[in-house]
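One chain, chain A, appears in both complexes that follow, with chain B as partner in the first and chain C in the second.
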Partner chain A sequence: MKAIECIGLNKVYGENVAVDSLSLVVEHNKMTGIIGPNGAGKTTLLKLIAGFLKATAGEMRVFGEAPFNNLRVSANAIFIDDRMVFPSSLCLDDICRMAARVYANWDHKLARGLLDYFALNPKLCHAHLSRGQKSTVNAILGLAAHCPLTIFDEPTLGMDVGVRRDFYRALLKDYMQHPRSILFSSHMLLEVEDILEDIVLLKDGYKVLHLPLPQLTEYAVGLAGNSDALCALTENREVLHTRQISSCFSYVVIKNDLKRGDLQQAQLSGVDITAVPAADLCVYLTEQRKGGIDDVFSQTKSVANR
Partner chain B sequence: MRLDADTMKPIYLQIAEWLETQILSGKIACDEKVFSQYQLAEMFNINPATAAKGLSILADKGILYKKRGLGMFASPDAKAQILDQRKGEKLKHLVLELVLEAGRLGIAEAELTEMMRQANEELKGEVQS
Partner chain C sequence: MMYLAKPSLWRIVKAQYAFKLKAHIGVFASLVAVNLLGIALSLSFSSQFGISMGQIWLSMRSISNEAVLWVTVLWAFVVAVLLTTKDYSDLDFTFVSNCISHNLSNAVLLITWSIAAGTFAALGAVLLRLVAFFVFPDDAIVAQNVFLAPLELVVGAAVSSMYMLLAGCIGYLGGKLMQAGSLLALLTPLFALAFAMLGGGGEDVLRGVQSITGFIMHETSLLLFVAKSLGTAGLIFGLAFLLSHDTEVKRQ
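Here is the complex of A and B:
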């Protein structure tokens, strides 16, 4: 069953094309990471899926229905981010009780257990919490709602590293006990990649790739060695990233389509072949800037030396 | 339990190797049930689909077999297979290193094979004497 299907989806804000003819199919009960740099369109896409925004053009179906202005989708989806607003008259306990009335699968025991674990007093008011605590409460609501479509948009903003680690584990355990479609956007892929099944990588509003994580880790290889030897190896290949390490030594990332003969040639010419971590690869595939941050400094330095 | 985040090996391969090591060390006997994808996911804090991929690699190699509705079990010859395979990998790697070093030293192929033959003979001689 398809949880989400969009075809040629567009969302335009004024001059800004936030989502650009995007087509995507997400099968039900998968945990999918939505990854991309700032301004890639992650939040807009997630809000379109949740039915919070109306697409400018294109088709979007969630559980087979258009999500905008759709009660059935609203009842089956929850959208968690750090900008959730609750009435200041409600304490955390009241919010949980409200959620129990709205969400059919609400797990009150889990919600109270997590609040207790993270030392969040249920009598506290949401507005009086710290930024990290607010994120934690929101994430707890997202978990305990057990919605068939659970969307987390950067849920860990403001959480300290210990809370983040606990939250990822809670998410994984809860997902295994109650399989459902989970979308998780983050720019910290390194932290979450282990618990994700698929990755959707966005850049400038379009989809760069949609792959299972194991495939992403084998998508590219890094070559390090003498610049001349690398030139010979990377000729006629798609180079994803280059970094000059010294005057004659470079690091190049290419698509992993090396044949056995290439590997031997690389070894013979003293080139080291290494795997490229998924998080690094996503950065390389979405790089906007030409060259690297080092270039900025080498330019300013040459000006200063004059 | 933690996986080694520093190694460049994909996690599903690390899972497969970890299971192989469990079998080699006798912690999992032949025809014994191995961990399910959910148990592995829980133990290593990874997505169950990734854990399943680790299991299916071993099933493809014949190190594990599936019993419908019961899960995955270690094959009767799992241990022998893993030993064979690891020996093969190690030796191949050493030979490659040898050939590379010979290349760097400018030793021709004939000379290299002669050196290997000699080394083999010396070993035999030592065993006999």
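Here is the complex of A and C:
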């Protein structure tokens, strides 16, 4: 069963194209990470899926239905982010009670258990909590709702490291007990790669890739060695990332399609071949900056020396 | 696999209504404050005149509870506009909602607030009499309409509630227009009215406005008055509903 299916999806705000001809299929009961740098269109895509926004063009189906303004999709989805606002007249218990009334699978025991674990008194008012505590409460709502489609948009903003770690563990445990479709957006893949099954990588509103995580770790290789040897090795290949380590030593990332002959050539010319961590690869695939941050300083230095 | 829930619209509307009634409980405190303000205004703007007849100096003070009614009408208008602002309307979409359930629960909320405001305005009239009695202890009460029969009070509350509902629906429509970014749509009828008046058709326009308000305000039968008010409020709310039916929920 497909949880989400979109074909040629577009969302335009004035001149800004937030989502650009995006086609995507997410199978049901998968934990999918929506990864991308700031401004990649993660939040817009998630809001289109949740039915908050209307697509400018293209088609979008969530559990087989168009999500915009759809009560059925809304009843089967929950959208958690750090902008959830509750009036100061409501305590955490009131909010949980409301969620229990509208979500068929709401797990009140889990909600109370998690509130208790994170030392959040149910009589506390949501508006008076700290930013990290608000994020924790929102995340608890997302977990306990047990919605067939659970969307977390950067849910850990403001949380302490310890709380974040506990939340990831709680998410994984709950997902294993109650398999469902979970979308998790983050710009820090390193933290969440242990819990994700699939990755959708976005850049400037379009999809760079959609792969299971194990495939992503084998997607590219890093070559480190003499710059001339690397030049010969990477000729006619797409270079995903390059970094000058010293005057004659470089690091290059290319797609993992090296043949046996290439490997032998690399070994002979003293080039080290290493795996590229998924988090680093995502950065390389979406980076828009030219060169590295070091170049800025070397340029400034050379101008000063002149 | 987790089964897909089939939501019932009425169950969601009921839940949203109860949630918002509690979430916006503060409006009742503002209602009490507004009523007290109305009473204070009524007392300070009481008209007084005197006649001298030889040795006798007769002074008369007339107090009207209209100020209580009008400030409460203004309150109903303002809370309805507030209900359409981003923070208030985003609250529904935090959990399960679509535009239909959102607008329907707002309609029930406006009706509840209108009945509360109408009742408060009617009771305010009683309080005003009581306060006037203590504020002006030396005055002799000579006018009629000082003592209210319970039935009169109920009728007063019902009529006031209708005014509150109309004001609320107008505020809701205005708020939804502003949220939709159609400030132009909101100002166009006002400009058209102003131009018509400047163009020499002032009296015609005034007569037109009077005939519309007179359609409701000059109705002498209570049942017909309620029917006309509910019909007009329904029309205005329906327009707001149609305007906002396709709006995106920003949550930003």
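Methods note: the second predicted complex is superposed on the first by the 306 of 306 C-alpha atoms of A that agree within 3 Å, B and C clash if a C-alpha of one lies under 4 Å from a C-alpha of the other, contacts with A are read in each partner's own complex, and residues count from 1 in each chain.
Just so we're on the same page, contacts are C-beta pairs under 8 Å (C-beta built on N, C-alpha and C of every residue); 3 or more make two chains touch, one makes a residue touch a chain.
Computed from a predicted model, the values in this text were never measured in an experiment.
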item: Chain A as common anchor, with chain B and chain C clashing or fitting; value: fit
item: First, second, both or neither for A:Ser74, with chain B first and chain C second; value: second
item: Partner chain in contact with A:Phe86 - chain B first, chain C second, else both or neither; value: second
item: Contacts of A:Leu268 with chain B and chain C, given as first, second, both or neither; value: first
item: First (chain B), second (chain C), both or neither touched by A:Arg101; value: second
item: Which superposed partner A:Lys54 touches (first chain B, second chain C, both, neither); value: second
item: Which superposed partner A:Ser227 touches (first chain B, second chain C, both, neither); value: neither
item: Chain A residues touched by each partner, larger count belonging to chain B or chain C; value: C
item: Which of chain B and chain C A:Ile195 touches, first, second, both or neither; value: first
item: Partner chain in contact with A:His28 - chain B first, chain C second, else both or neither; value: second
item: Distance of closest approach, chain C and chain B, by C-alpha atoms in Å; value: 16
item: Shared chain A contacts, counted only where both chain B and chain C touch the same residue; value: none
item: Residue numbers on chain C that touch chain A, as the complex places them; value: 1-7, 9, 11-12, 15, 18-19, 22-26, 87, 90-91, 93-101, 245-246, 248-252
item: Touch list for chain A against partner chain B, complex; value: 30-31, 168-169, 172-173, 176, 194-197, 212-214, 217-218, 267-268, 274-275, 277
item: Chain C partner contacts - residues on chain A that touch it in the complex; value: 1, 28-29, 47, 51-54, 63, 68-72, 74-76, 78-79, 81, 83-87, 89-90, 94, 98-99, 101-105, 146, 148, 178-180
item: Of chain B, residues touching chain A in the complex; value: 3, 8-12, 38, 41-42, 44-50, 53, 96, 100, 103
